[in-house]
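Read through the structure below, which is laid out as structure tokens, and then see the notes.
Note that the chains take the letters A, B, C and D in the order they are written out, and that residue 1 is the start of every chain.
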């Protein structure tokens, strides 16, 4: 059992090493098979581990494996060690399983690319780092995985490096997340100074004993960790890197910028939920940030033309939901939504990637249209995923996960009406933009002809994910529907249950409201984008929509507030003003030399004159002294 | 017996000295400069004599003799140099002979 | 007696001014000779007869003759244009300024000086000679060496038969 | 005797290289490589000892040299100097290998200088006699001056002057301090000696100690180099030949000096200097980063990166706790390697492209993928990505500083963000983007790959398995911290006024 835990991240790393060292020499798709195989083995091991873990419940709630001692300096002792519990189990399941499907898809998607083997090397490195992140039982090891995925994100966004824009997008992503990471490492320092250990388990045990609820130190620490989570998960105010990150290949967007890495923030908060519970202010901030982000990103998604940017804003918005759930203490709901979101969002990205591939790099949905008949499989899977995203009642997994969040946002202890209103309005927006995307892309007249048919390796993952997007929700039914909640029961081994202080009977009412609103949203999308497009013509071209299109001008704000001053600072002092000191000294010396050698002009009478002046001065001084 | 106060004598010698100095500063012709130097040397000797007389010591006169010797040597060397300079540069302008200048 | 001194002093200063301000070298030199002669009168009045004689013989005689010789050798005795060009009246202001400052200093210094009125004594040349060859013997020897050096130097520099320039004066 | 052997091998190698260089250009290279390899093998057995021996010096040689002045040939090896020596020999071998084909002018003399510099460096790391230390300290300079001046790029003579003047000025100030320490110790105890171990704990008034410490600091901070004394470094990096990664080694001598001499000899003065030191460290980190971001000359950029990294060393030294000190040791090693590797890359690029301007580069990944990968790895290392040694170093330093001074740690950690900004700029400008020109360049040769590969292995190894390094450093770190505790004890024992009274008598000549 414990051996397997170590192997799960090790095998993708091995794959990375092999591909990195020998990938250049591999012919055809061998590199792809190796990369996929490595993740596949990890996924297989995950299933084995999961089976054993479920078997061991409820006696053994977590397993730990220590590989080696990493750092030991003073009282800082850090081991490279992993621990598996329900929370990390769900995460590694999503990472390896969805990761495996995306790898498989990539074999065909990336075929023919000159850096085919590099791609799989990076992807494997990413999977390995992500597994380290979620398996870590130590804040520093977690941080290592955390930065590792950041590196892979950077490498893969900038994978097509020949376009400078891609490189800049990658850099932006890295720097934005790095800002959050720095806050996080300071939070880790604080944890170490207060607890003398970085072991997550020990910290979580000691924290309630040492820290008062709402104390300053708890608040600061939680806020710093939240900083890291915000950066990684693209939440307000560090969200603007994610839409640009779509410059990477579609499988990358699917794996890193939808399914796994961006949800690392969710994982971090869930993992350190005790700290957040000790800092109610920060927890409320999490909820508010989540609510604000989901609305802002929802409006922006509605304004986009690029299919991948729609999905990117949608991702930000959906992670906003997860943050909302975390903020109101609905831990398992957040993780549930993470899992379901991973399924349907990965599917959406893969579908979008397939469309883009077939249409020769066409990203604009207004230039697609009518693809329903030309790509039936993609259409159906895409439709399913969009429905799941929009949380179409009863038939989709998204309904179950999102409604749980909405319900808790109202009913939990720290929830409230306003959070719920934000959530439900977000749900309406989600329905609207997701079906806007579907209708514009697949209905109407065809504007671009597909140039190729996509193959099996692309379609199989789509279908599998589509099935999961429908059936995935059945692992957790709403409380009012009977007590079939295996998912949260599993998680309650790690995370506390959500306390509800409203009447449980209300849940059905709220579900009906949200179902109605989603259906209205879908209908409106149908009305606006198929039946009567002129209704929204004026809105589409309004200033407000342009503003949303630019992502609420966050980039402009950062540009003016940070980028411009820094660049200005850099430019005014490029030559390093301390050099003035050096050149100053030598210039003064040279000037002195020149002035003094002027006096030595070879004119005898000039010398005599200076004698006379000198004598006059000295005598005058002596006499008048 | 001369009863002019020593102060007057000193002023007289000083005046001569300053005249020599002024001549040195004003003239560009080397011969005139050499002459001015002679005037200055002479006035210095005058002070020695006056002082020696005032104190009743022979040293002032001894010094005058030394000054005389120095002046003689200086003039002979100086004039020889002037001859050479004139042969070389065909001028007696002291400003034209500025080889002592620092070349930078 | 004092009147002679004032006359001699006036003559000396006047002729010195003329000596340094004449453009004609011969005129200037003749004025200088006059000046030296009147100074020798002053010396005589100061009871330094031997020194006065030396002044006449060596200064006004030998040294000035040397000057006149050189002036004549170089043929710059007559007033020439060069001298006019070089003769910059502006320099007079500068020189007069500094000389004036120094003169003021001198007057102040002399005025403030407190000289004890000692009865002037006559110093005979005998005393001078004794002093020279006892106290100042070494200095006399050095002066002799200096004169020797002057003679050799003048000989060396003044010898024009050789076409060789002195190395300090050679053109680079 | 092994310590003397180390120095003698290098000296003999230097002389042989010069002599053989007169008639053959390959022999000097082989000779200097051999000398360094021999030294490396001589020192390796000590590593085993270092892992077990935790208290005393590993090797300690104390021979009489000039007894009249209390000067001894006192060489000693402990964990810190052992690691520094390993780094020295490794970097020495690397610089011989990378200059194998690149240096063709006066090969013999080049290798003579190279080995002489290394002799100085080795001596500095080993000597425990302040006079001997100063001797080796100055010995490093002269050959390096020639190396920069003769084999550098077009502006190198001026740069060599600048380098020499800066370091020499600092060195002379240190000499004054050494002599003052010598006399103060001699007058208080009657024993005139330059021996480090005896000079530790010399009693003197705080103000005098502070002044003497400033003298030492002047030498070490110039070498480090600390802002505002860093400008020589940028020019040396940009104008000197590749083998100047020797100068990257020289930076370590500065850090080593702070660690070995300033902190133990002047524990209280160092503590009272700590706030200033920390401020300087923070300034170095941020200002270096800012300038690195602004540069267009690749090598100058790397120089500023190194200035920024050195800030961490400074910061850590003035934190005075074990974690920070471990971080400092780690930073000395990793920074030497990562900056060295970046410099090598920059030199290889500028040699191939004949420009160092990053605005003229771009899209090079396509042409030189291996070089790009290596550049990527080392930029990532230098921005402190976990998994590389630099991360451990920066983490430990920041954590240690965080314990003593939260503000400084927070400001310094901004350096991590800044590091991301400037490092990624290198990648973006050099390797990413469109090709600015159709470069006709070849990728790394086997020789270059070997060098880069070994450096990667070391830096990743130190990132994943830093424990051996930390273990070896531990006794040294504890020792230098203990010295402070001992003298704290001493201080509490003796009343301060008494010491003052005792000492004022011999201070009079100094005050004059």
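By our rule, contacts are C-beta pairs under 8 Å (C-beta built on N, C-alpha and C of every residue); 3 or more make two chains touch, one makes a residue touch a chain.
Nothing here was measured: the structure is a model prediction, and the numbers come from that model.
In this assembly, the chain whose C-alpha centre lies farthest from chain C is A.
Interface comparison, B-C against A-B: more C-beta pairs in contact at B-C. With centres defined as mean CA coordinates, chain C is found 5 Å away from chain B.
Separating the CA-averaged centres of chain A and chain B is a span of 96 Å. A separation of 67 Å divides the Cα centre of chain B from that of chain D. Between chain A and chain C, the centres computed from C-alpha atoms are 101 Å apart. Multi-chain contact residues, meaning those touching two or more other chains, occur in chain B at positions 21, 25, 28.
Under the contact definition stated at the top, the residues of chain C that touch 2 or more other chains are 94, 98, 102. Among all residues of chain A, those that touch two or more other chains are 609, 612. Taken together, the chains touch in the following pairs: A-B, A-C, A-D, B-C.
Partner chain D is touched in their complex by these residues of chain A: 20, 24, 68-76, 80, 140, 143-144, 147-148, 151, 154-155, 158, 161-164, 166-168, 170-171, 174-175, 178-179, 181-182, 185-186, 189, 192-193, 566, 569-571, 573-574, 576, 578-579, 581-582. Partner chain B is touched in their complex by these residues of chain C: 1-2, 5-6, 9, 12-13, 16-17, 19-21, 25, 28-29, 32, 35-36, 39, 42-43, 45-48, 50-51, 54-55, 58-59, 62-63, 66-67, 70-71, 73-74, 76, 82-83, 86-88, 91-92, 94-96, 98-99, 102-103, 106-107, 110-111, 113, 115, 118, 120-121, 123, 125, 127-128, 130-132, 135-136, 139, 143, 146-147, 149-151, 153-154, 156-158, 160, 165-166, 169. Touching chain B in their complex are the following residues of chain A: 593-594, 597, 600-605, 608-609, 612.
Those residues of chain D whose C-beta lies close enough to touch chain A in the complex are 162, 227-228, 230-231, 234, 290-291, 293-296, 321-323, 326-327, 362-363, 365-366, 369, 373, 376, 380, 385-387, 391-392, 395-396, 398-400, 402-403, 409-410, 413-414, 416-417, 420-421, 424-425, 427-428, 431-434, 464-467, 470-471, 474.
Chain A contributes residues 609, 612-613, 615-616, 619-620, 623 to its touches with chain C in the complex.
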